[in-house]
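What follows is chain A paired twice: with chain B in the first complex and chain C in the second.
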Partner chain A sequence: MSDLSASVAVPSMRRSHLQVKLLEWLRSGLAILTVVICLVGVWYLAVMPMNIHTALTDAERAGAVIQPETAAARRDLGGVGLLLNNFDHAGATFNQDRPRLPSPHQVVEELWDTTVGKRITSKRSLVYHGWITLSATLLGFGIGTVAGILLAIGIVHNRAMDMSVMPWAIASQTIPILAIAPMIIVVLNSIGMQGLVPKAMISAYLSFFPVVVGMVAGLRSPEVSQLDLMHTYSASRNQVFWRLRLPASMPFLFTSLKVGIAASLIGAIVGELPTGAVEGLGARLLAGSYYGQTIQIWSALFGAAILAASMVAIIGWIQKLTLSRMGMLR
Partner chain B sequence: MMTQSEIGGAAAEATKPAVIEARDVSLTFETNDGPVHALRDVNLQINKGEFVSFIGPSGCGKTTFLRAVAALEHPTAGTFTVNGMRPDEARQARAYGYVFQAAGLYPWRTIGKNVSLPLEIMGYSKAEQEERVARVLDLVELAGFEKKFPWQLSGGMQQRASIARALAFDADILLMDEPFGALDEIVRDHLNEQLLELWKRTEKTIGFVTHSIPEAVYLSTKIVVMSPRPGRITDVIDSPLPSDRPLEIRDTPEFIEVAHRVREGLRAGHVDD
Partner chain C sequence: MSFAETTVRVDKRVPWLAVLGVPLAIIAFWDWRLAAILAVWLGAWAVNVQLANRSNQRLLVAAIFGITILVLWEMVVQLYEVPLVILPPPSEIAVKFAASTDILWRDFVQTFVKGALSGYIIGCSAAVLMAIAVDRSPFLQAGLLPVGNFMAALPIIGTAPILVMWFGFGWQSKAAVVVVMVFFPVLVNAVQGLHAADKMQRDLMHTYAASYWQGLFKLRLPAAMPFIFNGLKIASTLALIGAIVAEFFGSPTVGMGFRISVSVGQLQLDMVWASITVAAVAGSAFYGAVAYTEKRVTFWHPSQRG
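On to the complex of A and B.
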């Protein structure tokens, strides 16, 4: 018995690097899976009381007897109370056409149906709408990032800009984007700009800020002795910028970009709302709420979340690649 | 008392040209708690090829003195001359290399690239950069580490790389601000030995800030003892030790006597306090 356990223990002590990596992945994968299962469980539990009203009304029309019997009494009872009184009708809450809260499998089905199940040129394809929003997001993110970096360079190198720009940048972010988005759309429309550009402007408006804040911190991150060293070489401002400040700011830049791209997506979606729900993820959300299509709303929401997560992941991957090539990752 | 020993030192070295000269230098920092007199009426002459250590408790102005020589600080009174020029001009003329307490290598540059940093800034050709990097890395015994990143090297090796960086552009003055302060005793001994070797081979003039008495005595041809509030020079000791200095020299009576005198100087500074 002890011989057996010893012979089992020895190989497991000598795990290869690959095995250790695999085990790590398995462990973190298991943790993520556990959380997902819990969330989906809570979601299904919530679906029952949320949709029980409709389920019972339909059942009554079909001739079933519901507790309590009068509609007035039912109105006074909450969703949980109704559910407990009529638990045998709980099954009817999961697959309604217009549920108050769609169940997870309905959202997944809708996501599958509107991505894989439709031609991407179709107006009903989520990929089509996603691309409309993504293109505005990327353009806005590009503009916002460039503007943010230029402003940060100005702030770090110019005392007047240092004193004047930051308060305005902060003030710009205190204005609710929902209030200013229609203004931007209307103003740009009156000078003949429609579609992509106005949405991108709103995206840029949201995404430049984290880039400014991060890059100012990054460009100022070199230590005094590192700057003094440059000074002893009589290095020009340009040389200090390209050889010291900019490379030192890279970790800060990528962190800001991750925040910025998520903000950009929000900006693009918000920018689609006042245009009257023509195309884009924002349009899907708005149209869904006009027509009570909760499944469509939720699938658009998840589409947006998946899009944001993928973009953040891509930036994270570029960050890893860049920093390891720079020798700044161990 | 201070001026006496200072004049005595200057007379003995009169044959060699002065490389660094401080005349009645005072330097006051304005702080929220009132003015801090980092240096007051400091006079000193450093001649070509000397190895001069500055020793004293914190706040005695030894680092400030070195920084003022490098034009990183500017005296509020008096003048500095470096190679016959003002410190700013001397910096423009690439008169000195500066080594900071932290190695301060740029983490995104390899060791070779770190050493060639001043060369890039000063506009040396690619070929000359490579040749010089190879030569100075060899000088600090880091040949073969060009492609490594700083984090792959020990603290002592990083500091050696930063010395190589200061040597790369042939400045004939080397200013070192507690370069080995953060290293352990054994590494420090080794680096001290190497630094002496390097000094003899390159015939540079070295200004070296430390607060280790043995380090100052072991390395220097001249030891400048300083004391704080206000920062000033209390003693200048010309070392009687031979230029050939194995580590064992630290057990000889001569060495112990010089160390004793340094200690006395430091104590005198404290009595004034």
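On to the complex of A and C.
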């Protein structure tokens, strides 16, 4: 039924290709916006019961009458019930100094303050901390990717290596590798390595295996008929690699790079936790949780999210550019 | 296997021995320990090359490789007398493991059974239910898919300090971290999976006058299973990571993450490695269990019929 109407409608409407594309964009943009607005709405709603206890304590000190009257009596009561009994104090939940759950505008404000409002060399600038984490991430990601690609090339060309290493590479993906991060940091610390390098090693380790597995699949993706064609050209192993296997592996490579960079960032952040580092997004998380600075935790979290999203987006953009230049993108 | 890979195999054993034997002898003069390590490595590698080229015993080759790594590790630590606080040898780790099975078991129950498993079950069921709930609204799906994909790529592990602050130091906060971590990968896969049944099949259900729920349970959920299990497999590794890392932010005096961070502080690296062994075995077994269930449930799918 819908197919029929579409085939009739298209010639009469005569929408241009651009218009159709624009409409699709608008529709998906609107859908995403709706979901995001819903999430923010839920967040604001959740702020009220989460922070009502401290809000009521403050109001009581200011002399307001509250149901029930003492903080001790309120302590074990649920946030929702308290909120409904004292709804006129709900406004005070949105702008506390140390809320259990900061409201969205507080987080945005803090993000703005610590990125645009501070010099980037300042210890209080999120850009500064973000760069500390990002540099470790990128260094580790670079090392892990290069090593992963090299190992994948070895695995594809050497049967013994394939049968020895590949099962372990796959099995290692099911192991919580992140659990050894503290040990790597502390051990490297004890032999005198500090700062960037230990974090980068964890990042490299985390991005290494996705790249190996993806690249092996990619280098093996040419079909038998394509390999046979190369054989009829009497192509050498080198030629088969450079002209067929490597180009064919590109979509796989980019997909695993996206997984790898996200894993690298997580590795760098977790790498900052165990030694009580003072710089970096992980250190901001840790310091925030020690001192109850919830707004700082949330802004570090969003900083990390923005970093992760933009790096994945950059790789996606390079992927699109490369694949369309190579004619592999339809 | 293709033409390009099965080119003529020349037996290179004899020149290999000559080419490698001479440098080994020279190295032996300079440092006999290095020569011994290299000799073991090359010997095991030669066995593997032989096995790989002449037979198809994948398990054996992989096992030899793994054992060789352990032997080399042991040799490096023993011969060069690496201090225990930097890298304990596998034998020490095995001894420690055997001596502290009761502690490791309690850690395992606390972190894996109480934290990871309960969070995994709650998070995955919530994600599948959510996918079914938005299933009737293409508009919500169009919005939820990109947002879910976006969230799945984020370092959600960073919510651990917040959730530990909210739910306390007990296993509940670990379960909460796991719920948040596994939710989005499973949600994205489930939403995509519910579209996997093709139009012809759905039309067939329509001609049977099947209700929405009949169509869901008899066609679309089974058809979505390969996708859902893909999400469940990703989530199985995330669950253990979430539970362990959340314990770095605060926990009772039991748990794998607690054991690792405390033992690192006391420089008891053999205990750390023993805990990591437990984590590795638990992670692989969990993944294996999910993969086995997948095999039983989606036996009809081309990828499982092999």
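In this text, the second predicted complex is superposed on the first by the 293 of 330 C-alpha atoms of A that agree within 3 Å, B and C clash if a C-alpha of one lies under 4 Å from a C-alpha of the other, contacts with A are read in each partner's own complex, and residues count from 1 in each chain.
To be clear about the criterion, a residue touches a chain if its C-beta (ideal position, glycine included) is under 8 Å from a C-beta of that chain, and two chains touch if they have at least 3 such contacts.
Note that the coordinates shown come from a computational prediction; the quantities given were computed from them, not determined experimentally.
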Once chain A from each complex is brought into register, does chain C clash with chain B or fit beside it?
fit
Quick check on the superposed pair: does A:42 touch chain B, chain C, both, or neither? Answer first, second, both or neither.
neither
Based on the superposed arrangement, let me know which partner A:288 touches: chain B (first), chain C (second), both, or neither?
second
Once the shared chain is lined up, is A:28 touching chain B (first), chain C (second), both, or neither of them?
second
Please work out whether A:231 is in contact with chain B alone, chain C alone, both, or neither, and reply first, second, both or neither.
both
Check whether chain B or chain C contacts more residues of chain A in the superposed model.
C
Taking the superposition on A as described, I'd like to know which of chain B and chain C A:167 touches: first, second, both or neither.
second
So in the superposed three-chain picture, is A:247 touching just chain B, just chain C, both, or none of them (first/second/both/neither)?
first
Quick one: classify A:308 as touching chain B (first), chain C (second), both or neither.
second
Is A:326 touching the first partner chain B, the second partner chain C, both, or neither of them?
first
Working from the superposed arrangement, determine the closest approach of chain B to chain C, counting only CA atoms, in whole Å.
7
Those residues of chain A which chain B touches in one complex and chain C touches in the other
228, 230-231, 235
Chain B touches which residues of chain A in the complex?
223, 225-226, 228-235, 239, 243-244, 247-248, 250, 326-328, 330
Quick one: which bits of chain A touch chain C in the complex? Just the residue numbers, please.
27-28, 30-36, 39, 100, 159-160, 162-168, 171, 173-176, 178-180, 182-183, 186-187, 190-191, 224, 227-228, 230-231, 235, 237, 240, 258, 262, 265-266, 269-270, 273-274, 281, 285-286, 288-289, 292, 294, 297-298, 300-301, 304-305, 308-309, 312
So, in the complex, the side of chain B touching chain A is made of residues 70, 72, 91-92, 94, 96-98, 100-102, 104, 106-110, 117-118, 120-122, 149, 151
Under the definition above, what is the set of chain C residues touching chain A in their complex?
2-5, 7, 45, 48-49, 51-53, 58, 61-62, 64-66, 85-87, 139-144, 146-147, 150, 153-155, 157-159, 161-162, 164-166, 236-237, 240-241, 244-245, 248-250, 256-257, 260-261, 264-265, 267, 269, 272-273, 275-276, 279-280, 283-284, 286-288
